[in-house]
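Multiple structures are listed underneath, in C-alpha cells.
Common to both upcoming complexes is subunit A, partnered first by subunit B, then by subunit C.
So, the complex of A and B:
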C-alpha cells in the first residue's frame, strides 16, 4: 500500500477492517518501524531463498583456513575445533544496524546466510548447486565454494559418521522417504542449561575462572605420585576443559569488538547526540556481557543474543529454545517497575527489537529443511507463562509486554508457546486472545499440568525440574536443567508416518525411491481380516521407527569424541563439573522423542480398510491394491467412496477414534522398548511443520483416498482438512479420547476460527468457553488460525499488498506469501470452525 | 562376500560427493543425463544430486564400457542427477516444464532439473 494511503487512514479504520498489519505499522515507534523494515526476509519462499539473500562465504573461508592451518598440529580434535570456532569469531565481519540497541548476527552482512562447511559435504554440495544464493560475481564465488567443498570432503561431521553407521539403515535414511533430518550433533535442536547460565549467578568470566582452576587441579593430580585409570581419563577432561575455555574467551572477545565498534561510531561518526548516547550504551553493554552477568533488561537481552549467536557459530541450529519472560522478566521488573530506568514503552521497544534480531537469524539449510519449514529458518517457539519450580504462576509483566511487542512487530519467527494452567489471570488470557484475534497464529496453548505430568511419566524428570520446561523444538518440553536438558535433538528421528500404511500395501517396498525400506509383511491381498492387516501395520511402524532411532542412538554415542560441542559444554554445569562433553549420554537423563509427521493418514486409512474391505466387503483387497498401485487413476468413484464413506478422525466417532487410540497405544508401548543412549524412552510426538507438503510427492497413494502428489494432512492429530464435519467440540472430543500423558509426548492440534466471530467481548467469551472445554478434556496443545478465506485468497491474488499476513502452518507461523501455493491451499482448505 | 560387504561395495560410490576439479575445463556437455531421464528418481533427502534409477537395479553400472545392466533385484541403481547417460540404452528423456522455482510441489518428485529450458 502506498505510504500516503497508510498515513490517511486511522488505526481504528485499519482495525475495523481487520488489517492488523497496517494498524501495527502506525502504532509502533519510528525506531521499531525502521528496524522491522530493515531486516531481510530469510525464511525460504517455498523451497528457495528470497531474491537478494546470499550465502555467506566469509565464515566458510575462515573456518577452512584455520582447519588447514591446524591439520598437522598435535592438538586433539576438540581443541582444534574450539580454535576454529575462535578464529571465526575473532575474524568475522561485524556490523551495527542503524537505530539498533541490540547487536549480533550469524552472518557477516545483514543479507547473508551463514554457511558452516564442517557439518556435511552433502550440504556443501547444495550450496554449490543453489545458484539463487551464490554471491556475485558468481564465477569467483563458485571457485571459493569448490575450494572449501574439496577440503571438507571426508572431513565434515557427517562424512566422518557415515562410514561407521549401519550401511543398510544409512541408505534407507538417505533415501529421504522415511526420515527428515540428519543424525548430527551439530545440526538439529540444542537445548541449553539455562538454570546454569541465565539466572544471573554467573556468566562467561566466572566459568572461565572455574575452568582454569579445574585444569590446574587436574594437572596437579596427573603429576602426583600414582597412576590409575582415573589419571588417564583426566587427560581427556583437561582437553575438554581447555576447549571450553577457548570458546568462552572468544565469546568475550567478539562482544568487545562490538563494544569497540559502537564506541568508534559514537566518537567519530555519529552527529546525533541521542544516537551517540545509544551507541555508548551498546558499548557499555557489550563490555559487560557475556563476560559478566547482566544488570539491566538491555544487558540481559544482549547476553541471550550473544549466547545464541555463538551457538549458531558452533552448530546449525534448527530451534531457539527459550523462556524469555522467566529469565529476562526479573530485569524487566527491575528496570520498569522498581528503578524506573525504562518506561514501559521503551521496554516494549527493546522487546520488539529482540524479536526482530531473532527473526533475522539464518543459516544455510538443505532444501528438504527449507521445504519442511517454509517461510522460516527454524522453529523459534519461545515458551512463556507456566509455573516456577514450586508450582506458582510464573506469568509476569514481561509475559504481557512480549505479547504486546509481538503485535507491533508481527514477525513470523520467533513465536510463543503459552503454558496454560488454571491459575493464569484473565488479563494474560486477554493478551493471548488479542494476539490470536489479530491473526498472529500464536501463542499456541499448552496444558501445563498435563505436560509436566507427561515429562515426568516419559523420562522421570523430578517435578521441580519438569515445572521449568521450555520447548526444545516446536512443541517438545525439555527441562533446561543440569541433567534434564538434552544437548541435541537430532532431527533424523522424524518419521514420515504415512509410509507405515503405504508399506503395508507394498510389502515394505518403496515405489518412489525404488528400495525395500519397510519390513516384508507379506502380500496385502492375502490378509484375511483386519487383525492381520493391523499386525502388518504395527510391524511397519516398528521397522521405520527403529531405523531412525538406531541412527540417532549411534550418532549420540559417537558424538562426544567424533563431533564434540565445546561451546555448548562450556554453558553446561554437568560438563564443567565432569570435564566431559555435554553430549555424553551418561550425563543426562534423556529427553528423546520421535516426531511423527503425517500420522493421521494411517488412522483414516486403517478405518477405511476396516470398514469398506473387511466389514462391508464392498471392495476386495485386490481391488484396493490395484487402485492404489495405479494411483487411483481410472478408479475415481471408488476413491471418492474411500474419502466420503469411510469414518474419518475428528468427528467424535468411536469407530475411527478407537483406531487412533489403538495405534497410539501400540506406538507408546514400543516407545518404551526403544531406548536412547541415556537409557530412557523414545515416545512419539505427532506434528508436521510443513512436512505435509515436502512429502506430498514422496508418499504414494493411500487407502484414505489420497493420491501421490496430494498434500498430506496438516498434521499432529489435526483431522484431515475439510473432513471434520461435526463442529469444533467434536474435534476436541475425539482428541480427548487420547491420554495426553501416557499415549505420546505431545499432540499438535490445528484449528481455524472465524475472525468475525471473535470480534469484541462476545468473541473473547466464546473463545474462553471453548478453551475451558479444551482444558477439561486435558488436551496438551492447540493453535489457531484466525484469518478468513477472503483475505487469504486476496493475498494469493495480490501478494504485494498482503506481505504481512501471518498464518499458523503447523508448529510454527509464517508469512502467508512465503509459503508455497500448495501449502497456502492446504491452509485455506482447513475447516473454519464456528464457536458457540 | 558377506551381505554387508556387498552392500558396502554397491553403495560406496554414492556416499561421498566427488571432488571438484578447481581449474579444469567445464565437463563435456551431453544432453543425456540421468537427471533428464524419466526413469530417474531424485533422493528426497538431499538436493546434492543423488538419486536412483527405477528401471535398472542395484549392480548396474552405466559408466562401464559396455554398460552393465541388472534388471533383477528390488533396489534401484544408485546414480546422480548429472551422471552421463549417453551410453545407456534405457535412457528416456522426460518432458521439461515451465514452473515457478519457488513452488516446491513439482508433480514429479520435486526435480528442479525439469525446469531447465530445452
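So, the complex of A and C:
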C-alpha cells in the first residue's frame, strides 16, 4: 500500500476493515514506530535466514582467541569458560539504536545473528555452509569461519559428549527420525531462579559480595587443620564460585560500557536536548543495573534485558521464560500510579520497546531447528496473569499495559501465555479478547488451577512454588524458585510420535532413514486382534521415549563437569549456597518433560485399524501393510476409506476419544517409570511448534490415510485439519475427556475462529461463554487463530501486502508470509469453525 | 426403540438460533416451498441424495449397482465438475431411493440426506453440549423443515428435553393447526416465529401457501404470553422495502400480546451448492447476498416501535445494541 493511502485513512477505517497492522502503525507513537521498523526480521523463512541478515563472526573470533590463549592454562574448565565469556562481553561491539531507551543486543550489529562456536562442530559446519548468511566479503569471512571451526573440532560441547554417549542411541537420534535436537546443557531452554534475582532484594553486586565471602570462608576452611572429603570437595566449590564471580563482574562491566557510550553520545554528539536527556537516562540506568537492584520501570526492564543478553551469550537459548507483569509490575505501579514519573502512555511505549528489544534477539541455529520454528528464533511465550504464592489474583495494571503495547508493536515473538483463573477480572479478559480479535494469535490461555495441580502432581513442587510458575518453553509450567527451576530442558527430549505407529507397521524398521530404530514388535500381519496391535504400539512408544530420555539423562549427569553454566549458576540461590553448578541434578526437584510432536496421528491411525481391520474386517492387515508399504499409491479408494470412514479425534466420539485417553494413560504410566537424574518423572507434552512440516518428508505412510510428504496434523491434541467436523464445542468436549492433571504435562489445542464471530460486544459475550465452558471442562490450554481464509489466501498471493498478518502455528505465532507455502496451506486447511 | 423421524442435521455450536450456544435439530419436511429456502434439503418428506460434483471422479461404480438405470454414465470429470456443464449424476425421476449407489461410492460424492433418528438418539446428541448451555443460556432449537408438521414427534422430543432441564426453542413457520402449537408450547421456552410476509398474495406467490393461518397463529400465540422472537428473512425483491417493514412493525405492535424481539436475517446464496447437490435448479443463485449491515436501517424501524431488534439473530447480542438506534 502506498504511503499516501495509509496517511489518508483513519484508524477507524483500518479497524473497520480489520486491517489491524495498519491501524497499529497509525496508533503508535513515532518513537515506537521508528523502533519497530528499525529491527531486522530474524526468524528463518522455510529454514533460511532473510536476505541481509548475517552471521556474527565477532563473538566466535573473540571466544576462539581466548580459548587458544587459555588452552594450556592450568585453570579448570569452568574458570576457563567463564573467562571466555568475560572476554566476549568485554570486547564485543555495542551500539545504541536511535530513539531507544533500552539497550543491549546479542550480536555486534543489529542485522547480525550471534554464533556460539563452542556448542557443536555440527553447528559450526552449518555456519560455514550457509552462504546466504555469511557476511561480505565472503572469502575473508569463510577463512575466519574455517579458522574458528578448525579450533573447535573435538573441543566443542557436543564433540566432547558424543564419544561418551550410548552410540546406538546416538545414531538413532542423529538420524533425525525420532527426535528433534541434541542433548546439550548449553542449547535448549533455561529456566531461572527469578525469585532470587528479580524480586528487588539483590542484584549482581550483592551476589558478588556473597560469593567473595563464600570463597574467603572456604579458603579458610580448606587451610584449617583437618582433611575430610568435605575439604576436598571445597576446592571444586571454590572454582565454581570464582567462575560465577567472573561472569557477574563481566556483566557489570558491559553495562558500564553502555553507560559510557550513552554518556559520550549525549555529551559530544547529540544536539537534540530531549534525546540528550534520554541518553543520559540510559547512562544512569546502565550504571545502576545489573550491579544494583532496579528502582524504576526503565531500570527493571533494562536489568531483565542484561540478564537475558548474558544468558544468550553463555548458551544457545530456544526459549525465554519470563513473567514480566509479575516481576516488573511493582515498578510499573510505582512509576505510573504512585510517583507519577511516567504517564500511562509513556509506560506503554516503554513496554512496546521492551517487546521490540526481545523480538530482535537471535542466535544462529541449525536448520532443523529453524524448520521446526518457522518465522521465529525461539518459542518465547511470556507468562502473564495468574496468581501469587498465596493464590491471590496477580494481574495488575502492567498485565493490561503489556497487552495494549503488544497490539501496538505486533511482534510475532515474544508472545504471551495468560494464566486464567476464576478470579481474573472482566477488564483483563476484555484485553485478552481484544488481542485475539485483532489477530495477534496471543495470549494463549492456560488454566491456572489445573496447571498448578499438574505441576504439583508430576514433580511434587510445593503449592506456594507451583503458584509462581512460568513457562519454561512454550507450554511447560516451571516454578522459578530455588529448587523448582529446571536450568536446562534439552530439546532432544522431543519425540516425533508419528513414528510410534509407523514402527508398529514396520516391525521397528524405519524405511525413511533405512535403519532399525524402533523395537522388533513382530510382523504386523501376525497380530490377531486389536489388543496385540496396541501392545506393539505401547512397546514402540516406550522404546522411542527411552532412547531420547537416556541421552538427556546422560547429558544432564555429565553437564556440571563437561558443560558447566557459571553465569546461570551465579543467578541461582542453590548454586551460591552449595558451590555446585546449577545443572547438578541433586539441587533440583526436576521438571522434565517429553515434548510429543505429531501425537494425534497415532490416535486416528489406531482407531482406523481397530474399526476397519479388526472390527469391520473390511481389509486384512496384509492389505493395509501392503498399501502403506506402497505409500498408498494405487490404493486411493482404500486410502479415502481410512480417511473418511474411520472415527477421527475431535468429534466428541467416544470410540476414538477413548483410544486417545488410553494412549495418554499408557504414556503417563510409563513416564513415571522413566526418571530424570533428579529422580523425578518424564510426563509427555503434546505440541508441534511447526514440526508437522519439518517431519512431512520424514514420516512414512500411516493408517490414518496420510502419505509420505503430507503435512502432519498441526499439533498437540488439536484434531487433524478439516477432520473436526462437529464444530468447536465437540472439539472441547473431546479434549475434556483427557485428565489435564494426571494424563500428561500440558496439551496444546489450536482453535480457529472467524473474525465475524468475534465482532462487537456479542463476539466478546460469545467468546466468554465459550471460555467458561473451556474452564469447566478443565482443559489446560487453548489458543485462537482469528484470521479468515480469504485474508490468508490473499496473503499467499500477495505477501507484500500482508507482511503483518500473524497466525498461530502450534505453540507460537509467526508472521504468515514468513512461513513456507506448505505450512500456509496447512493453516488454511484448518476448519474455520462456524463461519458466518 | 421409539418412533423415528428423518433428521437432516444436528448442528452444534449454533449461535444465531435462540439465546446462547444451541444445538439445532433440523427435521425433514416442510409444507412451505419458499423460493429462497436456504435449506432445500429439508423441504421434502423423503430422504434425498446429494451428488457432489467436485468430489466425483466418474468411476462409474454407482451406475453398475443401480437397479433402475437412474445413473448417468461417466463423463470426463473435468467437464462434470463444472456446474455449467449441466451434467447430473442421478436421473431423479427414475430413482427409487434404494441407496445402493451411496454404498458403492468410495469418494464421498454421493451421500444420503435424512437420517432416521429416535428421540433418544437425538437427545443423546443434544446432551453432549450441555456444558456449553450452562454457561450461555443455550439449549436445543427444534427447527426444520417444519417441526409442527411432525407434531407428535416434536411434542415428545421437546417434553423429554424439558424433563432433562434443557432450554428449548421452537423454530416454526406457524403454518399448522393452532392445536399443534398449543400442545407444543407447553414444552418450549421461546418460540422463534418465522414471518415471511404480511400480505397474503405475496406470501402465497413466493411460499406456495397463504399466510392467513400463520398470522392468526402468531396472534393467538402472543395472547398466551409465551416468549416470542419474530424472525424475518429479508429477501431481495420480496420483503426488502421500507414500506414492508413499517407495516410489519405496525402489525406486530398491534398484536394482542408482546413480541420479545425481532431478528432480521440477511439473505445469502451460499446454499446454491446444496441445490446443485440435490439436482435442483435455483433461480436465485445469481442474487447477491445482502450485506448484513444494510439491515440496520430496517431494524431501526422496529426499534422505533419499541421492539428490541437484531440483524442476524445472534444469541449473544447485548441488550443495549438491540434497542439503541444506530
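Heads up, the rule we're going with is that the second predicted complex is superposed on the first by the 834 of 836 C-alpha atoms of A that agree within 3 Å, B and C clash if a C-alpha of one lies under 4 Å from a C-alpha of the other, contacts with A are read in each partner's own complex, and residues count from 1 in each chain.
Everything that follows uses one rule, which is that contacts are C-beta pairs under 8 Å (C-beta built on N, C-alpha and C of every residue); 3 or more make two chains touch, one makes a residue touch a chain.
Here the structure is a predicted model, which is why all the values come from computation and not from measurement.
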{"item": "Partner chain(s) touched by A:641 [first = subunit B, second = subunit C, both, neither]", "value": "second"}
{"item": "If touched residues of subunit A are counted for subunit B and for subunit C, the larger one", "value": "B"}
{"item": "First (subunit B), second (subunit C), both or neither touched by A:733", "value": "second"}
{"item": "Partner chain(s) touched by A:174 [first = subunit B, second = subunit C, both, neither]", "value": "first"}
{"item": "First, second, both or neither for A:463, with subunit B first and subunit C second", "value": "neither"}
{"item": "Contacts of A:770 with subunit B and subunit C, given as first, second, both or neither", "value": "second"}
{"item": "First (subunit B), second (subunit C), both or neither touched by A:760", "value": "second"}
{"item": "Partner chain(s) touched by A:622 [first = subunit B, second = subunit C, both, neither]", "value": "neither"}
{"item": "Parts of subunit A lying in touch with subunit B, wherever the complex brings them together", "value": "45-48, 121-126, 128-130, 132, 143, 146-147, 149-150, 153-154, 159, 162-163, 167-168, 170-171, 173-177, 179, 366-368, 371, 374, 509, 512-516, 693-698, 709, 711, 820-822"}
{"item": "Subunit C contact footprint on subunit A (complex, rising order)", "value": "637, 640-641, 644, 652, 726-730, 733, 736, 757, 760-763, 765-766, 769-770, 772-773, 776-777, 833-834"}
{"item": "Residues of subunit C touching subunit A in the complex", "value": "11-13, 15, 20-21, 106-108, 128-129, 131-132, 134-136, 138, 314, 316-318, 320-321"}
{"item": "Partner subunit A, residues of subunit B touching it in the complex", "value": "4, 7-8, 11, 15-17, 19-20, 22, 41, 43-50, 52-54, 74-76, 100-110"}
